[in-house]
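Please find the structures below.
Consider the two complexes below, in which chain A is the common component and chain B and chain C are the respective partners.
Then we have the complex of A and B:
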């Protein structure tokens, strides 16, 4: 080796004060980690929400008047405690020309003391054996099939519900609290949605078993492609004591809820980045001040102001790139944990991965962090570049 | 008959004045002298006599306040006007090699890396081939992979000398190069400078308060209160 590159000199300069360089790296790494996780959440959440909505099979839900947030939750996650609407609303809805299909639904939840270690809730969704399978064409059976008749004492288990209850096709299942036995006729494949944890029964059976004759908790509507959804929605509001929740509404409602949390996290990320930037500026500036004499020597051996600027700038870029890479790896490694934590913080979390980190995101973050590094490095590099050789050599600062 | 070669350095009534508030301190006060190519000149004098200021001005690390400075016939400073910083940088990298009292080696670079560091910024054609010869000449070849912290003071100064010579300068400026060394190591450096002058034909200007070291030079210039005596 008969020459040492500017990059090698910059890199080795950073090794001089290892603790300081490592602490700066940690600062940048944490900022990058927040950035990657945040953007990963941003795209993961929206993708999962869209997938959940696609898997619903219907674009609109008619429910009894109540809280719109609860309605959104019911639509996506299932739930109970809502008001009921009368079954004859189904007929009123179905006769509208914009409607391609309707399916009545009746959700009930009971506490099962034998579930898990300290008991748990079991969700039962009463569905219409004729219309529900058509609208939810995406559902695939692992074994068995749908109910044999509209009022059969039969159940179809979602993938996780079957695992949890350890039921297979042909087994019987006792509905907790009601002491009614139903036969398992089908087990669904995993969907990654709330359907996995649901036990489906014919809605007539649910009405009978739970004593809610002639009542429903919702009506799923598939609207014709050419239909004017806004106009149809208006028509639905003409029905007494109902509210209409469209997918667009649900998405907007949820995204606005999540958006509030996101603004907060974005603010934290911006602050983290600013702190990291200040850390970089401080580290490099201190390093420049400590090496004044050395910079003077470099200038005496022929380094120009631009050479010194590049040297110091390179140090900043190395720190930022390395910090960015560490933060990205950290974000990849902790995506699952972040997923769990975020899920607990959100009012509604769709099923599936909430944090989606891909190569494009990692590269974008590295780009952002490097840009921040380049900007942070300008001032210290400029200060270093304009040092006069003699002033630098004569300075009393010890290197 | 061809004209005689211009001196390597020519200083005419050179002054360098520092200001401390309203007070003016002439560190170099009307110095006129010249150094021929291939000469070995020592500048001696007590502390505060202006030796370091003079060598810094001669080496284009500092601008004089007045007077004239020429290098190989080229005017560097005259009538209060100096060359641009870029031009001075070119002169520093092409003409001079500097050795300082403190060695200023980069602690994270090994001996070889410290020696070739000037190539990062500028490399004279063919200078790369000189590296091995220099390391051998200065007897630091066996230490090429060692870090400065693993070297003795004498070895560190020899590395600094190699670094100053690696781009084959025309003039070597040494400011108290033995200030941090014991007597034995000082003599070694003195002999080395003399060898470089005699064998390599290098112009050497040495600033020292060590009279024994100064006597290695062909000519000794004594400075007192900024003036040549």
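Then we have the complex of A and C:
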């Protein structure tokens, strides 16, 4: 006679009430799906944000003191009233031991009356040909390269700026309002960042063309990895008339804002898990109640309380493992859709994949769901194990 | 808290600077306003998105190039460029089209928009964007007015490479407002011819097929 294993008995028991088992599976699957997606988002968002900050090339920006909001508005209204830093601040910053690299920047905006029906704005970012390419090593060229000389009348176009202006390497470009011609020496590959829409010029050229000699609008600072950014920031504040924007802080700000949303979603996930847990308890308990006579017969034939406990417990584990696997597969399959949805909902979303689901995450989720299953199964299994054989058989006959 | 606000604002500033160049393609900047300006009698419009690659692939590209008398050039003039075409309605009646194309100019991008009636005759011409030393002159209403009443038939004998018209016709009579900006002038005419060809291929041919006529037979019947 073929010996049947405990697992097969448990599996067959679940198949006896297919609809109920499937509905329980769906509940666990959905809870697992939310869990995997949520933690996948947590991992992906932080990784993408870190990558975006690394791609910026510097973690700190020193700008002139004043209200940046006002500066932003004025820049977008024609560049008048911009707050400037003196160029010699670059030297003061560079000599600090925490500094790995500095790059001066000068942004200028002109009103182009020939853009759109009522005109538009064109922005130019003056950068240092010596330091900027080193700090922004992540930038790759679709064609051409960086400027040939520090004061060259040359431009490097971000991907989208080049597409809009239909510029290729070797073409000329006319800076609106100033009527100054520059030669296009490079077109960058698409980065998915603000660099795509930027026209880069040597900052000395921008100073000359826009008549702002010796002025800068910002200094990008790459801080050494071992440096204490908070302490260094304090030092920077000691410089006259400057304001410091640390991207580490920006990251913290973004992460805390995203964290708020995450707490909300996490709460929903916990509720979903609790509901799924109750579903499991309910399903198994119902199953135990319906099988009282059967359990009674098993016990009268010599089955111990522990055997019954193990049998019922195994049913919950099977349900939870299968539900966890379904949820994980669902999360993997819908990661792209979740990415698109989250991107639409968030005020700021970094480039790259926002939802990153890896094997470790899937295994962790399966572990968590199984643990929940084990916990949920204790009570029904204990109830089943405690049934007295004669009472169980009689109660079924009476009913 | 203050630092956080500053952080957000600087990020916003970066984003705003990016937004200045974000919209690549050749859509109307403000379709509701622009449609009403070009077709004051219109009551609604429908937007269609088409590309040579999707519509007919390589064979259509060759056909368009043959009709243009020039090959598509550079990184940005390719078969997969998406074109946005606007069908204009008065009530339920189709009264015309608006379509714009990007064109490489000497110093930057040029966007030429045409407002056409249902037979493909130009009733409005304007540069939505123009980077040129003579931009002000090109954007004078008098320059655009020279295109009104012209159709693809007039441009068929215009050579976009040499700028010559054989036999001389109405396109040759369009005056360049700045002789020093000859290449931008020719770019504007090339963009106009390309624009008319694309409208003919994408819209008028289908309209003709629906009505049981061809664009050519409609022109003969004018």
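Heads up, the rule we're going with is that the second predicted complex is superposed on the first by the 231 of 399 C-alpha atoms of A that agree within 3 Å, B and C clash if a C-alpha of one lies under 4 Å from a C-alpha of the other, contacts with A are read in each partner's own complex, and residues count from 1 in each chain.
FYI, contacts are C-beta pairs under 8 Å (C-beta built on N, C-alpha and C of every residue); 3 or more make two chains touch, one makes a residue touch a chain.
As the structure is a computational prediction, the values presented were derived from the model and not from experiment.
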Check the residue A:122 against both partner chains and state whether it touches chain B (first), chain C (second), both, or neither.
-> second
State whether A:389 touches chain B only (first), chain C only (second), both chains, or neither.
-> first
In the superposed arrangement, does A:190 touch chain B (first), chain C (second), both or neither?
-> neither
Now for A:243: first (chain B), second (chain C), both, or neither, which partner does it touch?
-> second
Applying the touch criterion given at the start, work out whether A:12 contacts chain B, chain C, both or neither, answering first, second, both or neither.
-> first
Chain B or chain C, by number of chain A residues touched | C
Report for A:360: first if it touches chain B alone, second if chain C alone, otherwise both or neither.
-> neither
Counting only touches as set out at the top, which of chain B and chain C does A:299 meet: first, second, both, neither?
-> first
Set intersection of chain A contacts, chain C complex versus chain B complex = none
List of chain A residues in touch with chain C within their complex | 61, 63, 68-69, 71-72, 75-76, 107, 109, 112-117, 120-123, 125, 142-143, 158, 160-168, 171-174, 176, 179, 181, 187, 193-194, 196-198, 243, 245-247, 249-250, 253, 348
Which positions of chain C touch chain A when the two form their complex?
-> 3-4, 6-24, 29-30, 33-34, 74-76, 102-110, 127-133, 135-136, 139
Note which residues of chain A are touching chain B in the complex, please.
-> 1-6, 8-9, 12-13, 15-16, 293-294, 297-305, 307, 389-390, 393, 399
Residue numbers on chain B that touch chain A, as the complex places them | 56, 59, 61-62, 85-86, 89-90, 92-94, 96, 98, 100, 102, 104, 106-109, 112-113, 116-123, 128, 131, 163-164, 167
